[in-house]
Structure formats: C-alpha cells, structure tokens
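Going by the order they are written in, the chains are A, B, C and D; count residues from 1 in each one.
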Amino acid sequence: MKRNHLYSKEEKLFQDKNKIYSAQSVKQIVYSTDARDFGQVATSIPCQEACPAKTNIPGYIRCIHEKRYGRAYELNRSANILPGVLGRICSRPCEFVCRHGEPDNGLSVAICHLKRTCADLKPVSHRIIEGLYAPTGKKVAVIGAGPAGLAAAHDLAVLGYRVVIFESMENPGGMLMYGIPEFRLPRDLILLEINNILRMGIQLETNTAVGSDISLDQLGKEYDAVVVATGCVSPRKLDIPGQELENVHHGLEFMKAVNEGLTPFVGDKVVVIGAGFTAVDCARSAVRLGAADVSINIRKTGEYMRIDDSEKHEAQFEGIKTYSLIQPSKIIGKNNKVTGIEFKRTGMEKIDTPPYRISVPIENSEFIVPTDSVIAALGQTPDVKKVSTRFSGLDKKGHQTGIPGIFAAGDFVTGSSDVISAIAGGRKCARVIDAYLIGEKRKQTVVRLENHVTTDRPRSHDFIDRVGMNTIDMKERLFKSTNEVETGYTDDQAHEESKRCYLCNLKYEIDPLACIYCSACIDVAPKDCIKMIADVPVNPDGTYGEYRETDDWNAVVSIAIDHANCIRCGQCLSVCPMDCISVTKTELIEIDT
Amino acid sequence: MKDIDIVIEICGSAGEGTISAGEILSRFMSGQGFEIMSFDSYPAEIRGFGKCVAHTRISSNPIYSPGKLADVLISLNDNHAISQLPTLKESGILIYDSQPARPHEEDKSVAGRTKPGMISYGIPLNMLAHKAAGNARGMNMVALGALSALFHVDKDRFTDSIKARYGKKKQVVIDANVNSFLEGYDWAKENIKKSDPYSFEGVNLPEQKEKLIVNGNQLVAQAALDANLMFYAGYPITPATKIMEILSKELPKHGGTLLQTEDEIAAIGAVIGAGFGGKRAMTATSGPGFALMTEFTGLSVMAEVPAVIIDSQRAGPSTGMPTKTEQSDFNSAVMGGTGDCPRIVLAPADTKSCYEATVLALYFAEKYQTLVVVLLDFFLSNSIKNIDVPKKPAKKYRIANIAPKKEDLKDYKRYKITKSGISPRAVPGTPGGIFFSTGLEHNEYGRPDYSQAGHLKMTQKRYDKFNAVLVEAPAPEISAMGRGKVDIGVISWGSSAGAAREAVMAAQKEGIKAASFSSMMVSPFPEKALIKFADNCRKILIPELNFSGQFADFATCILKRPVEKLNFITGRPMASEDILQKMREM
Amino acid sequence: MMSFNDHYVIIGNGPAGNHAAKTLRKKDKGARITIISDEMIPYYYKPKLTGFIADEIAQKDLLVTSLESYKEKDIRVRLGQAVEQIDPDSKSLVLKHMETIKYSKLIIATGSRERLLPFMSGYADHLKFITSYTDVMDYKEKIQNAKEFFIFGGDLVGFKFLKMLNSMGKKVTILIYPNAFWPYNLTEDMLDQIFTSLSQFDVSIIIKDDISTIDKKDNGSYRIKTLKGVEKTVDMVFSFNGLVPDIDFVKGSGIDTDYGILVNEYLKTNIDGIYACGSCAQIYNPDMKSYSASIGWPNAVVQGEVAAYNLLGDHKVIESVGRKYFDLEGVKIKTTWWGDINDASQE
Amino acid sequence: MEEIRSAYLDETLDTVRAADFLQYRSKDLPTWCPGCGYFGIVDALYRACRELDLKQENIVTVSGIGCSGRTPIFINTYGFHTLHGRSIPVATGLKLAREDLTVFAVAGDGDALGIGGGHLPHVARKNINITFLLFDNSIYGLTKGQSSSTTPHEMKTSSHPAGNPDTPLNPIRLALAYGASFVARGYAGDPQGLKDIIKNGILYQGFSFIQILTPCVTFDKENRTWKNLKENVVDLTPRMEEKNMETAMRLAQNEPHGVGIFFWDKKRPHYQEILRNLNKGN
C-alpha cells in the first residue's frame, strides 16, 4: 500500500510502546532469558535438546551446507572439544529424536556422520578460535585426562587458569584411548584433538596416579582447586564361580590389551557377556583376533541392548550371534583353562522404578555352552577409594566432592555413561569452579532471536534419502585389524546430507493480530503442522503445553504453527495474503554477564 | 487378445484436480482407440468441502451408458471417497492416499472402510506430489501414474498426452504434472504387488477412426455454428454455461455476435430481438433460467419470432441441486407458460445426437417461426464421449426462412393463414414487407384482434405447424422386434435411452423377449409410431429420471393403457443395471 | 457372557487369528470383533500356494472360509490393512494408512515372514520370497513365463517350490546353504541325504559354497557368482532360508519381544489384555524353563483357541501339537510340519 | 541494552480474546477457498458488531446467490439466503416490516450489479435503512470465472477469452449517482479500516452502500489479486474531510483503489422517517 497502514507492523509498534512486539518487527537481535523462549527452543530443536553438550546442530549442518567446514568445526568445538572423536563414536542421542526420523518423514539426518565430516574436511587453512580471558593467576589441577578431564582443563585454561592434568596411564584420552578399538577410532586423531587442548599451556603429567604417586591432599594444598575426573575404571565383576580362570577377560582390560597391540588369547569359540558398546567392541575385536564362533550373551532381550542399529548390523555382518534371556551362573574349566560356561535362563519382569523392566533368573534352568574364552563386558564403576578415602557424599549437580576446593566431573560422578555426557560434565564443572574462585558467574546462556525472512531451503530437499556411511569390506577388516571400518563422507556426500536438515532452529510464527483466518496456510501444509487453536496452556515452569485445537469457527482464537510438527518447508510463508507469518532464527548462546 | 470394459471413478474435493484427471484419462484412452464415456459430478462450491467424482467407462466395444458401479475407485479425499464406496463393485479396486498430511480417526479412512473382497492399493499420493512439485496439487497426476503402472498402461504415451493437455500452459506446470505422474508410476511399479486381473495390455480394438472427444455442450455449440447461428445471448448457469463460453470464442469468427446479459430475462429478450431481425439466434440455460424466460417464450410463439432455447436440465425445483442430473423439466418445456402455447421440443438421447438436435432446432425455429426448446440434461451436457466426426448439415438446414414472394408482398399478411400454418416471413429491410408484431392476439396483418373467431383461427394456425413438423421430424429409434409379440417394451426419452437400449440388449441375452423405443421428437410427439410399437408389447416399461413420471403420464395419455414407471432422482444418470433388474421382476 | 462395548481386535488372518476369532465369538455374542490383515484375500491355506502358482489349485480352493462365514459370525475383517504401531497406554492401533483403531483387548497372530540373514544384505534387493498370497499374485505370471531359476538356501517350503518348478519343466539351480537351512541346521550326512533325494529331480545342486555377488542385468535377468567361482544367469532368484516372526511393528510398544513376542504359558504378553499366538509368539514353557517358538498349522489352531479362552478370563495352558524341537540361534522351535494340512482341513 | 521481547503466543491470544468478537462467528468453518478475501470482510464485520455491542438476535443478514451468498452461514445472526440478485428487495421488505432489526444485505458484484442491478437505484433513492455490503471481487466465482459488471475492460475471462468488451461499472459513482447518502469503499485486506467503515455504515440511519475490494484467489490471477491490491489500495480519509458530492465524485473517478467514506449526508432522513413526516401533515 502506498501509505503505511494502520495495520502495518511498524505502525503497531509506534502506536503502543508497551504492546507486544511481533517477532516480525524485531529488526535488531534479541537476547531473551524468558522461560517460554527456552521452552520453545527445547521443543523446536529436538537434536540440540537431546545433546548433553547442547551442540548447535542445525547451525553447524547449515555451515556444512555452505561448505564452511572450518566454521562448522568451531561450532561443534564450542560445545564439545573433540568433534572429530565424537563424530565417530558418539552415542547419538540427537539422531534418535531428529524430526526427519519421525514416521513418514524418512530417516533421521546423519548428524554424527556430518559432525565427523567437519573434522575430516576442514581446510588446511583452518584456525582454531579461543576466546581467552585474562590470566587469573590461580592454579587448578585436573586428575584424569579422559573426556571429562580434558573438557574441564580446556575451559579452565580459556577462563585464565593455569591447569595441570595428572594421568595415570602412559597416554592421555582415557576410555577413548584404551576403551575403544582402533578400527572405530584412529589414535592419531585422538592425539591431534587432545593436543589442540594442551596447546593452551596446559601441563600434562602422564604415568602419575593420584593416590599412589601423589596424594589428593597435597594437590589440594598446592592448587586453588582440583577436579577429580578419573572416570570409571574398576570393572564390574561377574561374581560367579570360575571367574578367576585363565581366558576369562574383563571387557575393558581386554580392550586395553588389544589397544596396546597385544593379542590376548580368545581361541575358537568366544562367549561375550554384556549388552553395551564395550561388549560389541570386544566381540568384534575377538573376530579380528581370529575367533570363528563369537556370541554376545545378554540377560534381557535384544531391544534393551545399549547400542545403535548400525553397530548391531556391523556385528551381525561380521557373523556375531546374539543370545538373549540368559545369564551366566558358572564358568567351567579344566586345568585352569576355560572349557565352557553355564547359563541360567531368565524371564522379563516389571518393577515400578527405573528401568521398569528387569530380567530375573529362572530356577533350575541351567544349561552349559562349551567355549574357549569368556569376555565379561559388564561396564565399570568409579574407584573412589583409589583417589582418596575422605570423599563424603558426591553432589552430582554441583560437582562438589564434599571436600572444599575439590570438585568432580564425568563418569566419576555419574557412573559409566557416554563420552558426550562426560564432556558436558567436565565443562559444567569448569564453570562451577570459575564461579567458586572468582566469586560470581562470568557467563550465562540466553536465547538469541534474529529475524530471518527466508526458509533457506527448497521443499525438494525433504525427499533426499539419507546418505549411507562408506565402509571397508570384510577382507580389509580382517587384513589389518586396526583398519578404520568407516571411511567418512566425501565433500559431495556431506553437502547432499546437509541438505536434509530441516533447520529446526528457524521458528515460524503466525501473528493472530494481523491474521484474517483465511486458512490458506493450512491448505498448503504438508503435515498436521498448522492448527486452529482455542488456547495454549502455559506450564508451571513457564514453557508452553500442547495446543488445544478446535473445529468450531467461533472457538478459533488463532491459527498457530505447531513447532513440534513443523518441518520448516515454508509453504505457508509463500501463500499468506496478510504477510503475518514470520521466521525467526533461534540459538542458544553463551554471553558474558 | 481380450476385451476390456472397466469403469474408473476418481473421487476428491473440488479443486483437487479430480475432474481434469478424469478428462486426461478419458482423452488418453480414446486416443488409444477405446470407446469412452465419462461423467463428472461436482458441487456448487469451488473449493472447500465439495465432493467431486470423475466417472469414466472405458471399453473395447460400443457403449451407450456410463455404467452404474465402478471397478476402480481412486480416492483423492477420504471423506468423500467413503461416501462413494457404495458405488464400487464388491470385487472393486481402491487406490488411496497411504500417507495423508493428517492421520484418520477410526473409520474415517476410506481404506479402512473397504469391504473384504475389494483390493486396495495404498499410494503416498500427497507425499509423492510434494516430492514432484513441492505441493499437493499433483496428487491427481500421481494417482493416474499409479493407475497406469498397475494396469500396464504405456507410460510414455500417457505422459505425451499429459503434455498435450497442458500444452499451452507454462513449462513449470507441464513439468509439475508430468513429474507427478512419473513419481506415481515409478513408486507403484517399485512398491505395489498387483493382485487384480485388470490390464490394458493386449486388448483387441476396433480399427482406428478419427474420433471427436466431446460433451453435449461442446456439440451443441459446434452444431449451432454449423447451422448458421449468428447471435447468442446468455447468462451463466450450471450446466449450460460452457455453451456460451465456447460460442463466445467461436461465434465472432463466423461473423456472429455474443452477448452476456445481466440475466436470463434479458438474454431471451435479446434472442427474440435478433430473431425478429432475421438472424438465427439462441440462448442456453437450465431450469431456473428457463423459468425466468417463460414469459418471453410465450411472446416467441405468439409473435411467431424464431427462438431457440437449450435447456440443460438439473435437479429441481428452484435452485435444487445445480450439479445433479435429472429429466424433470419435461412438463415445463412441453407445457409450461401461459395460454395454449405450442412449441417444438427436441430431446437428444445421447451425446452425438445433441448435434442433430441443435441443427434441427435452429432449422425448425426459422422455418416454422416459433420457439424450439432442446432438452439436454446435466449428464448430456457434461458427460464426455468419443464419437465419429458429425457431418455438416445440408444447405436446406442452414437457410430455411420462407420469404414472401412478389405477389405476397402486394398485400402482405405477416400472419397469413396457410395449410402448413407457416406464413411467409419478411425480415426487416425487405421492401414492402413492413408489418407489426405483438404479444397480443392478432389478425393475419398482426393487428390486435380479440374476436372469438380470430383467437380460434390463430390458435389453430399455430397448432397446424405441428403436422408439418412431424412429417420431417426424425424417426423414433426402435430396436429389432423379431417375430411375434415381445413381453416387455421399454419406452424412453432423452439421456435415459442409452441405458434402456443396453438393458434391452442384456435382457435379450438373458432370454427375456424385449424391445426398446425412444424418440428425439418430444413435442410434437410421433404418436402413431408409439402406438404401433406398444401394440406389439405385452407390458410397457418407462424409465426416466424424475419423481412423478412426467413422460410416462404423457405417454399414457397417448397409449390409453397402463404402463410400468421406473423413476430415479438420485442425481446420477440412468443405469442399465437398474432397468434390467426391473425387467427381470416384471 | 455379553459385553457390547468390548472391542476385540485380532491382528492376523491365519489359522491362529481365525480360531481365536471363532472362539471369541462363540463365548461372547455381544462384543465387536475385528480381524486385521495386510493380505487382500480372506483366511487361506498358505501351504497350498505353490500349487496355486502351478495352477493346480484355483483361487477359491485356497480359501479356508468364505466371506459369508465372517458375516454370519458378525466378525469384521479389515483386509489389505497393515498395523504399523501399537500403543498399549491408549489401547489403540495405528494402521499403515494412518487410521487409529481403539481396542479393549488384543490378540497378535501375525505369523512369520521371510528370514533374511544379515550377510545377504548386499544383494537382498534381488532376492524374491514366497511367503504370502500377495507375493504369489505378484510373481505368478513371471514364474510361469520364466525359464531359469536359482534357489538360494532351501527349506521345506523351498523344496515344495522346487518340486513344483520341476513339475512345470523349469530349469532350476539350488544352492543349499547349510547354516541358513530351516527348521534344521543341516549336518554333513543330512546334506548328503538331501543331495541324493534331490538328484532324482532334474536340478543342478550346489553345496558347500556361498554366493559372492548377484547382479541384475539390463534385460532383467540376474547373474550369480559363487565364492567357488560358479557362474549362473537366471530369470529369477528365490531365497528360502526359513521364516522369522513378523513382529517389527510391535518393537518399541512396550510389549516384550525377543525372537518372537514373549508370552507366558497362558499366551499373555507382559501387558494385560494383549495376547500373542501362532508362529509369531515365543511361549514360556514352565517345564523347560525356557521360551520356545512354534510353527505349523495345528500349533497355530490350538494356540489361537487358547489365547481366546484366556483373553476371556480362562487359564488354559497350551499343549502344542509338537513333533520335534530344534534349536535356531539359541531359540527352541517346536514344530509340526507344514504338510499337516489335513489336521486343519475339517474347517 | 533495550529489552525487546519476541511475540508470545499466550499473550497475543489474550489480546485476541480481549477483542471478544468470536461470539459473532457461527460454529461452521467457512467453505470459501483458502486465502479468499471474504475472510477479511467477515472478520471486520464481526469486530464492528462487537464494538457497537449489537445483540446477535437483533441482526439479520440477507444474501443472494454466489460465493457471497454463503456469508449468513458463517455469521452468528439471523440469516436469509435468498435468490440470485434479490437480496436487496428481501432485505427491504424485512426492514420495513421490522424497524427494530439491524439488517445487512450482502451481495457479490455479479449479484448486486449484474442480475440484481435493477434493484440498486431504488433502494438507494428510497434510502431504506439497511447496510449493504458489496463483496466486489470483479469476477463470477461460483460459475467459474466469467466477466462480471466490475471486470476491467479487456480483461480475459472464461466468458470473454479474447478480453472483456464491456467497460466496468464504477460502483461508487453509481451509488452516488443513484443518490445513496452513505457511500464508502473498504478493503478486505484491511480488517481494521474496514471495521471502522462498517461501524459508521451501521450507525448511519439510512441506506449505506459499502463497496469492498476483495480478491478471488481462484479465478482472478491477474487483476484484483492480493498483490495488486496491497500495492494499490490507498487510504483517502485525510482527503475526505468535507463530505460533498463534487469531491466524492472526483475521488470516485480518480481513485479506483481509494478506501474511506466518500460521501455521507447525515441529515437526510431514511424511508420510514420520510413516511412519518409525510403522514404528519394529514
């Protein structure tokens, strides 16, 4: 219209200052701490929400799409300091919730593969960016150079502390280095990304076990703060007769040996016990050590295994069998060598506390399976005693150990979990320590809102099939057991896969104050994503509940976009006659307070 | 080598391309050499919730009716398709959208409602359409693609005909449609396991003749042009509007004029004006419009000014059901209006005779200087049939005005009493032919005359025209009777005749001795022929698409004997199955 | 017992499902009963399918019951409709065409589908299976027109199929794959027995070898290479490596599954009101203290009835019409042969 | 930094509820094509009714045939869906019989200026106290895109594929010429502005003629589209201060897309008053 109308957004703005601003009118960037914005981000960007480290996934996938691999790497690194590593072995909580993986939307975006891609393809000219704070003159000791320890050390160094890491093993990396087989995680990569951390003047003392070589108390005196991040190292025992026999390996030790290049005896027939990643790693390693008949044996049923389908498939592909609903009761041996293992059958039962479904042994259901070796991969527990005997009650949230100035992070606090959680824990711990030493918070998380106008992607991208990961074939796998099985995406593959991301960080909103309810948007919606609603409940925590829909014309208060179903196709945008639909880019960012 | 006779129904919401999908399908099939007959039904709403059904019968043999039940139902919209399911055969095939934008509640999905024995193929129509063109508009094409894949229709030929259909449109439109079609085709080939017997492969077809794919409206327009129409006035009304739209394009090329008036009253007025000027003129309308014109129809008869009204009947009374077919204007067309008002009424029985009827109408109107009504109905107007190209009317039919001779002009009586009832008619501009016309009763000169004798004489004169008309009227269609009496004689008119004919053929196959009679000439009616036919039948059955049996009553008066009525007002065309069923019961 | 507002839903239209439905109707005149099946024809004899391909059996002779008999029993059959999801909390099913159905009690009797071993994944696209009427309708014409066949694996159904092809005068090659054989894993001597028994037919047999690649050629035929370098070009490749329970749609619903759907001796799953029977179920056996699956028509029939009784509050324990137990990757399978149609033909 | 907040749905919903016009909607969702301008018109109508606090049961909406004919279905008032072009006479009869009612007569351009055009002059010169809303999308929607009385000259339509030979009517000039004493034009894309106009129309005791520019999203892709309207519609209110016939006529002539109240003769009595005055004498 030739003149700005009484209903034009700008005018609304001027008309009434204390009125609500429509997102469309937000020209400058907005930082919000409103619970509704945090809630919106949480429901809108499921991948980021699922990630313990809150990685800005749509953000870095967009960068990959723009072939800015360096920037993509930085976005990752700002949330987790080992992108290349996580890009290979992350447990991928994000992909389970990816909107693209919902029924009828196809398969989830290969978020993890893409993460790996930024590490693989970042240009030689790539530089790492660290927003360094002025030195504080204070010193912090970190015990354990595993994911949690490294993460804490890094952030503390950035915050201006002098950091020393004490590591009992010969190499840093902890589980990464000794728990995960090389065919899944190349060693040079681990070292490279660890060195990127150490470069910030962090001092690394290897072969130094706190507790035996140097005492925690001493550290407590010498340093302003101490982080205990020794992880979970003491193996959970089988606790059945015969476990002391030769050729009964514990998963972690077994992997350690394999990773140190040794060849522990496995024989022809191998029985692996356990349902996690380690169990599968052990089994696959056993295959590579020449075992002919390898089986993974689990107490519950297959669906309770804590591994993702690709792992399952690779294992099956390598000929590994899975036997379920059995638990070992006795290991049988002849002159101290394993000859077989006795199992009890189990059945599933319900309990009222997590994990809700458990397996219980069935009496007199024993049966015997002959085998040459047994690998018990039952996970590990933190060895608190080993570090110090004075710990009194861990405060998991606050990372407090009970001893002033001594903090804890990672598996040591949470018990055996996954790498990304450990990293998230380490970083959080660093923040706690900073607040403790400085006396106030120096950083805060806010929602960054920016007007965006376009959808950034054509509808056709929604129909691209997930790009599979390239792998080497069986011969090569057995030829050299350390050959990395997955070989990564090519530049083109990465670009193709990056197109698939819906960019859920873009928020679409209808302004009911300008809407005439003509339902043009609903008409073109590809999903049940735009709704005629009567109300939207606000939860006690300040976030929104589910829209209350209605078909009664006289009850329709607004036509609203359901962020949880919206696949960001932008059809609505193109048809709205009143231009009352806005796109806003939402990001979780850290700003200095 | 085998035969095929299959009825395919596409059902969706108005605006989902349901109708155009049907059109594309039938055009393509006709091009392949099949006999096709298709019929759409759609609501008054343009978009929103109106139900549309494109019904197409495809056969390798001649067909006379659209067929009642469908072999295949393509659902573009579950709500509507559910209500369409009853017309799907027990063993019919359903093609539905397996991945709609929104989930269904229990029993709200057509797939869920299929009866056992039916075969249903789920195709993600919506998703594939989006995939092909970024929006749902291509669902209809996706469905056609899937259909082609399932019934072994030649992919490339079909895409060609789609391109042809959208030839004039922008390239993006063509691509969108073609891509949607291919998405559907490939997906079905890839994912559907065929478990039905239908296939268009290796069907034997009659030798190819040049065919015209038309509906009644198009043929009426074509005929009018061929029969020298010079003026058309009209007002949009379903289902006659199309006639005006075509003429508006074509008439000027023939030196004629088209006028879209503000209403039917003005339309018929303008037509009569043009007729008075000596030009062939007509208008087309439907029941409600015809009712508005009634007063003018009287003037046309009274003042003996040629006028042709095409009345495409729809379900009534009043606004009724604008998009449903019915034969319920018989009475108002034959008898409506004020006074003793003889008018000529023609009712074509099928698409191709719409042409003949229109030519005759303009010819009769001019020659007999009176009103001629052609009774089409929604079905004839809109159902598409592929027919042999009709041959152009002879000169006799194109120029028929009986102009006054020299001696007539000496003392020119515009309304001169003659044996045939036709008075030589001078058109304005004829020297010495000046006369006065009026709606008042008048004498031979046209002057008002209220005398008893005068009114009787003139009324008689107007009725006398009938005898002459009957002489050159088209003969009724009567099926071969064989020797001796038949048990059932089926007498029908208008669009019901095709179904009647098929029913009788089927009955004969079943061993029922039956014969059929139908006449395009409705007023005046060929009574002698009718009586002769009836005398040869033990029982008479008269099927028609109205509630009261308007024509049956009319025929009973002629036959003076009871007849069986068979009436439907379902809004759907007459079905041979129903007639046959009735015959079995008789 | 009358319960007009109950809705018993049975997923699967085989012997188990139908006998369950029949029993339910016998005991409960009032309830709504619905059978859902992803196949398009009513209850039929799967074992007769091979005969149907060879046109020895007409379509109508495949059928066990007529549609009328469903009507008489007032059982609603939803054919050609697959279940995609079960939500025990809201007691509802989501069908593949995105319709939601509420149930008050549920019986799962979906039977089995082809068994695809992971190492086949490389060439799975090229393998054809004969596990349902729909498959057969899809391949029938192709099979009748094709000349050369390759059968991979070979199990009981496989041999039936092979004999049928042979009687149709087709050229057949079979690669007997011992570990993939089913229901038994073959021992050396059994392999030889089969070898001899097969050699009475005009078929070429490959044993102690494995497929390395299968490629589809432009003309639609397939080229097969084995590890030992045997090369074959054929029109169709079939895989007969046994069957596995068809229960993917159950995963994640909270119903315990392992090899099959885990049920107790009363055929009840871990969730009240949901039962499973037939070859999709893995049944706990108190004597053996372990779970065992079952195959075979008579087993299915018995289990169907028992499941129905128990669903209505009974506590029947099933005695399967078992002949043999054998072990398949750690799962005990109890079987009566497919041949035993006659047990069921008093339908 | 200045605290700027993004729109929060719950708060905007409250704002909408506060406007409290939903009570004037019926229960049935409109069946107009998605994107139709008529949604904007009824939106304005609801809000006008609300702001004047009219009682639903005291309102009657009378319509003819056409897309606009469906309007009464979607408004929570007494509604009468009459014959093509005949909404005005029905409304007239109704109003004369029941002066206490508020009567809306709605019609499309085809309805009011085509078949029903004959009624317009008379209702105007009689000054019957009804509010007449002309849904002007310049095309026949229901019969699928034929030329209407306001279709621009030479525009291609399904009835005039070669271009419309007729010159379009100018409803405002027409109404002024017919002697209507409240003549205004609104725009469906401006519910706020339109609402104010309709309010005045209802308040005025006499025949109020309100032409509403609205697109037919289905059959008019070139002329009166949302895009074109957005670009061209201008608010003339500032130039319409003194309501005299000359300015009105000039603006009507020169501003085909100008919205606002062109002419308003507040002093002129409506039909019933005239009758009463006439009858006073004797």
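Rule of thumb we're sticking to: contacts are C-beta pairs under 8 Å (C-beta built on N, C-alpha and C of every residue); 3 or more make two chains touch, one makes a residue touch a chain.
This structure is a prediction, so every number in the text was calculated from the model and none was measured.
In terms of the distance between Cα centroids, subunit C is separated most widely from D. By number of C-beta pairs in contact, B-C leads over the other of A-C and B-C.
For the pair subunit A and subunit C, the distance between mean C-alpha positions equals 40 Å. Chain centres here are Cα means. That of subunit A falls 69 Å from that of subunit B. Mean C-alpha positions place subunit B and subunit C at a centre distance of 54 Å. Among all residues of subunit D, those that touch two or more other chains are 30, 32, 34. Those residues of subunit B in touch with two or more other chains are numbered 99, 102-103. Under the contact rule defined at the top, the touching pairs of chains are A-B, A-C, A-D, B-C, B-D.
Considering their complex, residues 1, 4-13, 15-17, 22-23, 25-30, 32, 34-37, 39-40, 43, 74, 76, 188-193, 215, 217, 226, 230-235 of subunit D touch subunit A.
Of all residues in subunit A, only 104, 458-460, 462-463, 524-528, 571 touch subunit B in the complex they form.
For subunit C in complex with subunit B, the touching residues are 40-42, 67, 70, 77-81, 94-102, 133-135, 137-138. On subunit D, the positions that touch subunit B within their shared complex are 30-34, 65, 67, 83, 85, 114-115, 117, 140-144, 146-147, 149, 158-162, 218-219. On the subunit B side of its complex with subunit D, the touching residues are 15, 44-50, 235-238, 241, 244-245, 248-249, 252, 260, 262-263, 319.
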